[in-house]
Amino acid sequence: MSGQGEMTVWEKSMSFVSTYVFSRDHKIIGLQFLFSTLLWFLVGGLLALGIRWQLAWPWSNMPVIGPMLFSAEGGQISPEFYTTLFTMHATVMIFFVIIPILAGAFGNYLIPLMIGADDMAFPTLNMLSYWLMWPAFLLIGASFFTAPYGAGGGWTSYPPLSAMVEAAPGSMSAQTLWLLGITFVGFSSMMGSVNYMTTIIQMRAPGMTMFRLPMTIWGMFITAILQAFALPVLTAAGVMQLTDRMFGTGFFIPENLVVNNSVAASGGGQPLLWQHLFWFYSHPAVYIMILPAMGMVSDMIACFARKPLFGYKPMVYSISGIAGLGFIVWGHHMFVSGMNPVLGMTFMVSTMMIALPSAVKTFNWLGTIWGSQIRFTTPMLFSLSFVAMFIIGGLSGIFMAATPVDIFIHDTYFIVAHFHYVLFAGTAMAVFGAIYFWFPKMFGRMMNETLGKIHFFLTFIFLNGTFYTMHILGAVGFPRRLADPYDYPTFAHLQPLNEFMTVCAILMVASQVFFAFNFIYSIFFGPAVGRNPWRCNGLEWTAPSPPGHGNFDFQPIVYRGPYEYGSPEADEDYYPQTEAPPKEAPVVAPAH
Amino acid sequence: MGRYWSMLFLLIPILGVLTFVCAIADIWPMNGGAFAFPRNHWLPENINDHGHVIDSLFTFILYLTGVIFIGTSSALFWFMWKYDADRNTQPIRYTHGSHNLEIIWSILPAAALLFIAIYQMNAWADAKLRRPTEVVANREVLQKPFVRVTGRQFEWRLRYAGEDGEIGTRDDVHLVNDLHVPLDKEVVIQIESEDVLHSFFLPNLRVKQDVVPGMTQFTWFRANKAGVYDIVCAELCGWGHYKMRGRMTVEPEDQFKQWLAQKFEEQEKSGTTPDSGE
Amino acid sequence: MTDHHDSAHDEQSHGSTGKFLTVFVGLLFLTAISFTVGNNEAIMSTPAIGWTIMMAVSCAKAMLVMLFFMHLKWEANWKYVLTIPASIMSIFLLLMLFPDIKNRTENYSNTRWLHAATPATDAHGGHSPAAEPAAAQEDATGH
Amino acid sequence: MSEHTHGSHDHHGHIELEYQPGLPINNGKVILWLFLSTEIMFFAGLIGTFIVLRYGAPAGTWPTPHDVHLKEYLGAINTFILICSSVSIVLAFEAAKANKSSQARWLMIVTFVLGCFFLGIKMYEYGQKFEHGIYPKKPHSMIYEKADLNYASAVRKRLATIVNDINAADAQQAGLAQEKATLATETETLNGVVENSSSDPQEVADAKTRLREIRQRVSEIESEESALIAGAEERAKHKEIAEPLLNHLARWTEVAAATQTDPNLRVGAIEILAYQIYPLHRDHDQVHLFLEEEAAAREAEKRELTDLVELLKTPVAEKDDVAEAQRAEQLAAAEARLAQIAGREQTLAAVNSLEHGLNDEHHWLMLPIKIPSGNMWASTYFLLTGFHAIHVIVGLIVFACILPLKLDRSRANMLENTGLYWHFVDLVWIFLFPMLYLF
């Protein structure tokens, strides 16, 4: 807490630009991330509707949004544009929504508040990590509008398709812009993650031992480790693919490929190498996309169940276990890729094992609400639905981990169902819950509960309508990324099911209007609240709402873990981390 | 509302299981309604002798996960129903966890998962590692492929070995997208790619193998039902990915031989091979 | 240890100039070893031995630099927390790439051999698996 | 996570703390070590790529340093430089810790200069590679994996382009000269018109306009011409070299490779071509065998042709117009072939005297070269050393930023962190040096 004296000095001399635009305050940066990612969430959702439209009614004009989004196509989706659609949907959702909203928005906002620090360890670096997202936003945005079509290599960008200009003539420079954009995301995430780790290691308030950290912080911490160690490998691979495209190096291109009737630059490389390097990042990345959500859900469930989190330490160990195992399971994305089949066996065993910590977490959440007193608030409903959906997403993962089964369901809609259950029904629902939960801290006002519940109800119904049916498509073997699968006799009869899913998807996107209205309305007109509207234990609830510069108007000292709800020692049913125990002298954690 | 929210969560296991039951039993409640669902919403018919392992593994995992799914989802529902703060006047159970429970619910899933992992290794090895052998001159050698499938934007080029059983000789038959396979015979297919990644997917045979440029790979199966089936490309290969469709005809061996001879004759007459166009 | 002296966190300096110069000489000596090994035809005739020696020497050099120049020898236990995970993961990444190395040549398609580099002593394309040179030839001329 | 207590008070004096979480090191050092961990992963990705491509390359094809003009001793010198700079920066840190700021500054300057030396040597090495055409390039690299027909035709195309360009330039020069001459004549006529007092004023005015135009055009022509004239001599020289190469090296090879029935001569022809352009040490013996074989074949053909010519030249008793014409044709063909063989021999003799091949002798030729696995070698070499060099440059920028500061005890932390980064750069080089120069 050494910074507070200086803080007030520079606070006075700050202009509007340095307060709200190029701010070094972690809370402003967090909100900047939040608003940017929510906007991109809208874009990603509309892109998804494009995909769904094509799958339900192929080659038909899309009303209203069609002419708006793809006026060049006259509202009809062309096959090239379809590849761009799913590439951009995934890219936007993964790199611009889920990762930055968890690590960028909530990570930034919550880490210093929850550990009792006045700011990040390196505020300027923190600011840079946000502003480095902008080149990425612009590059990938530009790649979408680059003629003739945007990047069309899928978000996995497998070479040679993506490494050779000739292979995807529609993508041209768009793919190059895409790769550059991903490189910037990499720099931004790398800066953010080393900063988070340093902050969590170094800046904790007195008494805040590692095992008194809220699960959210543990999630963020492990996520930061994953990002810091996995992302550089993707950056390296991305740079190599860039040089393949631009200078003719051929790391991922075999000798003299004849693509599109032209002989490609002399290569000698290996397409599978890209897949290894890519998944070395992108598998841990799927945990990057869920661990913070798990942390936030744990906090919300404990708070609204008014009961200590069941098995805090096992929870911590299991997310660490997920992180550790997460690095050695990437090969399960490559079971049928032509990788050495012996490697497939090794990866299969490690993949099976990673289901274990996930199971432990689920049981612990159930254990938390067992014998509790649940308050059915909007954040709680979203959190419980996270648990319910995560069960589905986790169990469907076992199918893919079993290598022989994966032969059949690999690259089918079963996979699409699986990761949408984990990422949308899981993470995105947790994020909605977290927004409802921390909104009062961010803006000093409450969001409307009724609108929130309507939002929850509709989203919950329609997301299951959309994604649960995908399992059935997958069981038939319905492949992903096909612009028009109904030419295949095997899949021709699946169109009605797809229509049903598309209707659900449209309604699901439409129900977000309740959220958008609620969010914007409440920023200005929501009922004002005090410091601790939910009566929670965390350090962030002892700061003013919203917290000023330097966060705390007193020096927080931590006496206990974050989940002491209903403690017999306390007078009320919660026991803030900063509240000194009665009569006794401050309890100090044993030093060693 | 309170505890009635748990009803929504109860819908998950009920509708979830119901969906799968309907799919497996091939009953669609809304048949003939606004969404006229035709049938066959389950694994496509398996015509590969080795494919049963995959199907039974799939159903085994489905039942196993189904039980866990029902169990956990019902627990979630029940806890939500029972421990509503508005109704439940009992004080909370102030506990930080149970060491024994943690051990139990770590070991049980671990054992189940390890069991699945080990149980299916053999199937994996059969599918990808143990290429069928044949006896040539009293020696057991790896079986030779009878056709080479080359993926190319956006078609499957086939080169049948012809009479002599060797690919790369004069009597090869060149065709596009038209795979014929002898019935009830163990066959090996050599797969390659000319340009980008493709994936050779035969849904009815439970066969899928990515085709990597620069690599020669083999896949094998034994088709046991005559008919015409789909060849699907399951790896994004460019804008025309969706139309990279092949047709596989399974027919008795004598018919197959006859057909091949006829195709060879046609090829000899026209004097061109599909490859010569390049 | 206290953080009173943030700037120079240890009063009794652990590294003296003499120690650093000794390490310096050691590094030069090790460099000389790998240079000699790399240029020694007798050793490099079985390259695996040469490679192993050189990598061992490099690891020794890396350890010297890390222990003395990067002061790890005198640091508290945090050094393990901050260095070991990355080292393990990087080594694991390299190890897992190994099984696929042979994919590049062992599963090479015959058409590729026509374009791939072949050893100089093998000018007649004898390196390609003899299975179907004719087919390969045909394909090549087709392009 | 190590936590520790300390007794009395926090140095800002806010509150009496009895308990201090975190590591006993400053935040800068923590974040720097974490950053170095990410860097380790980054280079692990790059080195992993190198290993996969190096050991996945067809056996025995990876270029030796000699093949690609890589000097081991330059790598060794660079290693030496980096080790020296590591020592100097660690001593600078010690000096700063001991509050000897001027000594620290001197040591930092030494480090900075050493870093610049390292980059200088690297640039020299890169220059050498570029000069020899060893770099990946779009759409097709100059490096070919093997000497096949593709390669031979690429050489022929390049030579033909050179000759065509020269011819085009010559033709342009001649055209310009001719235009100038025409304009000169026209000027004389127009001058006559202008000077003639009896001319129509309108005509005179027109003539004057035209004269102005002509003067402008002539100055244009002269400026264009001057470059062409200046290059004429060089062009002539180049043409003298390139034309025989095109005819007797490239075309000969292509014809031989297409028509020879003897497989040795067929393969050998292109191998010889590749060797003449860029001699690989390992190919030496074999190419000489090929050369001998070709020479023998050539001698045999020459003898045959000479006999034929003699036979054809001996007068025949019977006069037959048709037969006579045939004989003349045959004679011309045989003599043309003999001339070709003579040209081939002459060119070969000239080229064989070159020690380092055509490309080295005449950099402007820029002919395609054959280095097995050469493109992958160049890709990995430039990737690894390039990223290392970028790290060196970043280090130098950091040095440049801290040099103006007073490097006393208060800045020792900054110096230590800079040093840690610099040592990491050194560490990477410790592994790159044997892998790239000695393996």
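Here the chain labels run A, B, C and D in written order, and each chain numbers its own residues starting at 1.
Everything that follows uses one rule, which is that a residue touches a chain if its C-beta (ideal position, glycine included) is under 8 Å from a C-beta of that chain, and two chains touch if they have at least 3 such contacts.
Worth saying up front: this structure is predicted, and the values here are computed from it rather than measured.
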Look at the interfaces A-C and C-D and say which one is made up of more C-beta pairs in contact.
C-D
One chain's C-alpha mean falls closest to the whole-protein C-alpha mean, and that chain is A
Please compute the C-alpha centroid of chain A, do the same for chain C, then give the distance between them in whole Å.
35
Using mean C-alpha positions as chain centres, tell me how far chain C is from chain D in Å, no decimals.
27
For the pair chain B and chain C, the C-alpha centroid-to-centroid distance in angstrom is 40
Cα centroid separation, chain B vs chain D, in Å, comes to 50
Quick check: what residues of chain C touch more than one other chain, meaning two or more?
85-86, 89, 93, 97, 100, 102-104, 107-108, 112, 115-117, 143
In chain A, what residues contact two or more other chains?
229, 233, 254-256, 258, 263, 266, 268, 270, 272-273, 280, 338, 342
In chain B, residues with contacts to at least two other chains
214-215, 217, 278
Category of the chain touch graph - line, ring, star, complete, other:
other
Could you pull out which chain C residues touch chain A in their complex?
85-86, 89, 92-93, 96-97, 99-100, 102-104, 107, 112, 115-117, 143
Provide the residue numbers of chain C that touch chain B in the complex, in ascending order.
103-104, 107-112, 131-132, 134-136, 138-139, 142-143
Contact residues on chain A for chain C in the complex?
225, 229, 233, 254-256, 258, 263, 266, 268, 270, 272-273, 276, 280, 327-328, 331, 338-340, 342-343
In the complex, chain B touches chain C at residues 166-169, 172, 192, 214-217, 275-276, 278
Touching residues (chain side chain D, partner chain A) in the complex:
1-5, 10-12, 14-15, 17-23, 27, 30-31, 34-35, 37-39, 41-46, 48-49, 52-53, 56-57, 136-141, 143-145, 150, 373, 375-376, 378-379, 382-383, 387
